[in-house]
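Next, two complexes with chain A in common: one pairs it with chain B, the other with chain C.
Entry: the complex of A and B
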């Protein structure tokens, strides 16, 4: 015990500098991320601003019962999974296909230019994406309705129609992220040994066959890892874009857990109920991420990657 | 792949079809930008009547004159610069030494501290407790609150820590011989060797600061403190519902549509200027290093 103390004393005297370097990070995490976790207890309390977090009386699981009885909350949970699931089904394959297509382009200048352009939307802010969507889909002045009218179709009030919310939301997500997400798959393709292709050419394989028989199997581990990560983040729907694009008329298909929390808590002042919804969200997300990580670890151990 | 010979007609057809498809995808990515630029340079009448498809109709700078003479536009632009520069510098000041400390094998409790940081990627208290915490800290409506409250995230620290760990210890031996302390070793050995990783994190910070809107909207009440994205949101999202505003601007030289398009263009320009640098650094190695974690 005493030896240990002496050793510690010596250690800190010699190495104090790295602890000074670490300190700001630790303080930051405690103040801005761990302290709110302590504040999460209001999910089990009747929170009053005047009494504060610690002083408010306990309410048990009351808020959770309220949530489970609330059609709005259940609808938000359902919408979160539906929007996320649909984005996964329609959005996940696009960057893979894009990466395969980029790889088949022989003209380097064309390839570089195309890549520069399709990566760009990733760096554009959500507000601008929403602005472009609102401008382009406007019933009176937008280009989409202009083109529809040329086809003899009456203007559609896209952003007030529940059935249009999801296609527009998922479509703009693909527009924004597909290009940038293809980088990971391109990197995986770059790692495929050229000798495989050379011997395939000798055997007279077509380019189409090489994609299916060589490239795709070679990047399959990456695809599976990315898929697992995506499923782990299933609850992460880009709620900023939802807040910008949804309206009461489309809540039925557009309202997700995070927008529900935002409306109830930050706009409506029902902090305790909204915190309960947030805790529900965080716990489900945690279970999903941990499960996905475990599967990914087990998978990548037995695979080449 | 690039210098591979094309053997069959089928292959040639395939290559051409592929190029056409990639070209179409690229054009459809580009089109919304072209459309917005064209709307911004069109007359208010043409834009609100929905005549713009590809090129500006009745070319005019009226929308830009309106935007650039708006005091709130300049105030919010200035605020965005404050948040971007102040926020990025604060992030680097905290993240770089922290990541370095976490990469040192002699750090006591290293495993624990790494877990302490990584845990926040998996579990998060959420929007409401974070907001109440900011309020209790007295950080509502303050520049400092926005700058410090979002300065650090686990991902950036882990990314940089991994990079520091990948640098062979032999690089620091000469500096150690000269009696350099930890700060000097970090400054003279590790930072110069980690330029690509630090550049990547800097760019992550700049982009997320420049584009950030949600918390700025929630935490800042004072109109003179909000950044460009919040101002943009007020113009684009809120005013579309405001019939009075829309009809007041209708059929003028500029309209609601052309003004919001012009603001969009003005706020994208700095991103476009920075973009070539961004692209240079988003090479596969660094991105993959992040993904693996």
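Entry: the complex of A and C
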């Protein structure tokens, strides 16, 4: 014990610069993540703004029971999982495919142009993205319905139909982020030694075989890390875009936990219930990250920690 | 029968030509080493043979086919790279089998061949390891295994030993030579290490600035370098160079190097017309003796000794002849103290090579064979 203290003392004296550099991150965590945790307790209280956090009486798990009894909340949980599960299935491979495709473009000018075009939507604000989507799918003047009418199909009121919300939401999410997310994979591909390909060429591998047998295995650790992070964020559906695109007519498929919290807490003033929903969300997300990491560790030797 | 034929092969990157019209005929089963200083175009030439670089001009023939426009995979060559190019995610066995898998060889056949090659290269116990779990020498062997298992017409090596430490390099060098003896596959081997070139090659190709300076067996290059570049590139320490002017007395030519010293020359290197011409002579460190030799062909040249470096059975003597530094290599006979008293060296006209001072071309050079 004493040895350890002496060692620590020495260690800090020698390496203090490193800890100074670490400080901003620690402060950021304390101010923006740990301090707000104090407010989490209102999930277990009968909270009133007038009595304050400390002054409000405890309510135990009351709010959680309320939530689990609420059809609306359960629907939001289900929608969250369905939407994020579908975006994972359809959205996750897209940046990888894009990166592989960019890597096959030999003409440098064409490659740069193509990359810029697919990166671009990432830099557009979500509000404008929503505007573009709403305009494009408008029944009277939208491009989509215009095209459909050319094919002799009656205009569809896409944004008011629950069955259309998910495809539109997931599609626009992919359009906005796939290009930019491909950068990580492109960087991983750039790290593959060119002689591996040359050796494969001499051995007679085709471009397809090189993608399957060299590039993909080489970027597999990156893919797995990105997948763990994605699964950890499974419940973080881009809720701004949902808020901007959904309407009561589509709640059935579009209302997610975060929009539920937003409506209950900020619009309905039920802060304690909203906090309980938020905490529920966080706990589930926590379990998901840990599980994903464990699975990845067991099957691929690649993991976040 | 020639196995690989390069005729007027050139390579340009954009406007810049880096390999200038190379002619080289490689016989079947021959071990050819391309050697030269960094950037002279060895790798580029090898990569053109492999098909990894397009040939800008000239004709390349492998076997009896012109392969200029034939894809690397159809050229029937296998290449070993400097950094081994092993696939990090595949086991040793799968690395060796890679080329066969690509060619859709049947599984049992692959297994048999991999086991065969592993046996040859003593890799049998390592077949299940990943490349990251191997030592440098083992990785090197896996890379060779991957080439061998394909049974190609030609092996191409690009500095395969340069990532190994000195001791391992000597060991692997011997293994490569043995392997070539056993398999008898035509090999083209690139290195910038002249010792490697000397020990491995049937014939050495010395390259410089994208051109071939000389082609010959190791001993031909050593005894009879075509020019000053080859003379100083082959042999270690390099050939000593001394310049002066030719005098021919009684039909016996010699080189006046100033300070009253002169070196007798071979009579076939210069003629009486050359009297007064300034030339450079090259003398191998090994051909300089500090014990007097007797006979008409011997010359005696005084020097100022600067340093003696004992190497064991041999020693290097650094000295100055006039303003020119020279290095001699002499036998020690387990004793070096007497070397410090040396004041002159003796050399036979037979061992003195004469070169044109301007062009660097050997005056007595005759193409062997």
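Following the convention adopted for this analysis, the second predicted complex is superposed on the first by the 254 of 305 C-alpha atoms of A that agree within 3 Å, B and C clash if a C-alpha of one lies under 4 Å from a C-alpha of the other, contacts with A are read in each partner's own complex, and residues count from 1 in each chain.
Please note the rule applied: contacts are C-beta pairs under 8 Å (C-beta built on N, C-alpha and C of every residue); 3 or more make two chains touch, one makes a residue touch a chain.
None of the values given here were measured: they were computed from a predicted structure.
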item	value
Combined model on chain A where chain B meets chain C, clash or fit	fit
Which superposed partner A:1 touches (first chain B, second chain C, both, neither)	neither
Touching partner for A:262 - first (chain B), second (chain C), both, neither	first
Of chain B and chain C, the chain that contacts the larger number of chain A residues	B
Chain B versus chain C as contact partner of A:243, first or second or both or neither	first
Touching partner for A:220 - first (chain B), second (chain C), both, neither	second
Touched partner set for A:204, first chain B, second chain C, both or neither	both
Which of chain B and chain C A:151 touches, first, second, both or neither	neither
Shortest CA-CA distance in Å separating chain B from chain C in the superposed model	5
Chain B/chain C common contact set on chain A	201, 204
Chain A - residues contacting chain C, complex	193, 195-196, 198-205, 209, 213-214, 217-218, 220
Complex contact set, residues of chain B against chain A	1-2, 4-5, 7-8, 10-11, 14-15, 18-19, 21-23, 25-26, 28-30, 32-33, 35-36, 39, 47-53, 93-95, 97-98, 100-102, 104, 106-108, 113, 116-117, 120-133, 136-137, 148-149, 151-152, 157, 181-183, 186, 207, 210-214, 218, 229, 232-233, 236-237, 240, 255, 257, 260-261, 264, 267-268, 271, 275, 278-279, 282, 284, 287-288, 291
Chain C to chain A touching residues, read off their complex	50-52, 72-74, 77-79, 81-83, 85, 87-90, 98-99, 102-103, 146, 150
Residues on chain A engaged by chain B in the complex (per definition of touch)	8, 11, 15, 17-19, 21-22, 24-26, 28-29, 31-37, 39-40, 42, 52-53, 98, 101-108, 110, 113-114, 116-121, 123-128, 130-132, 134-136, 138, 140-143, 145-147, 175, 179, 183-184, 186-187, 190, 194, 197, 201, 204, 206-208, 226, 229, 240, 243-244, 258, 261-262, 265-266, 271, 274-275, 278-279, 281-282, 285-286, 289-290
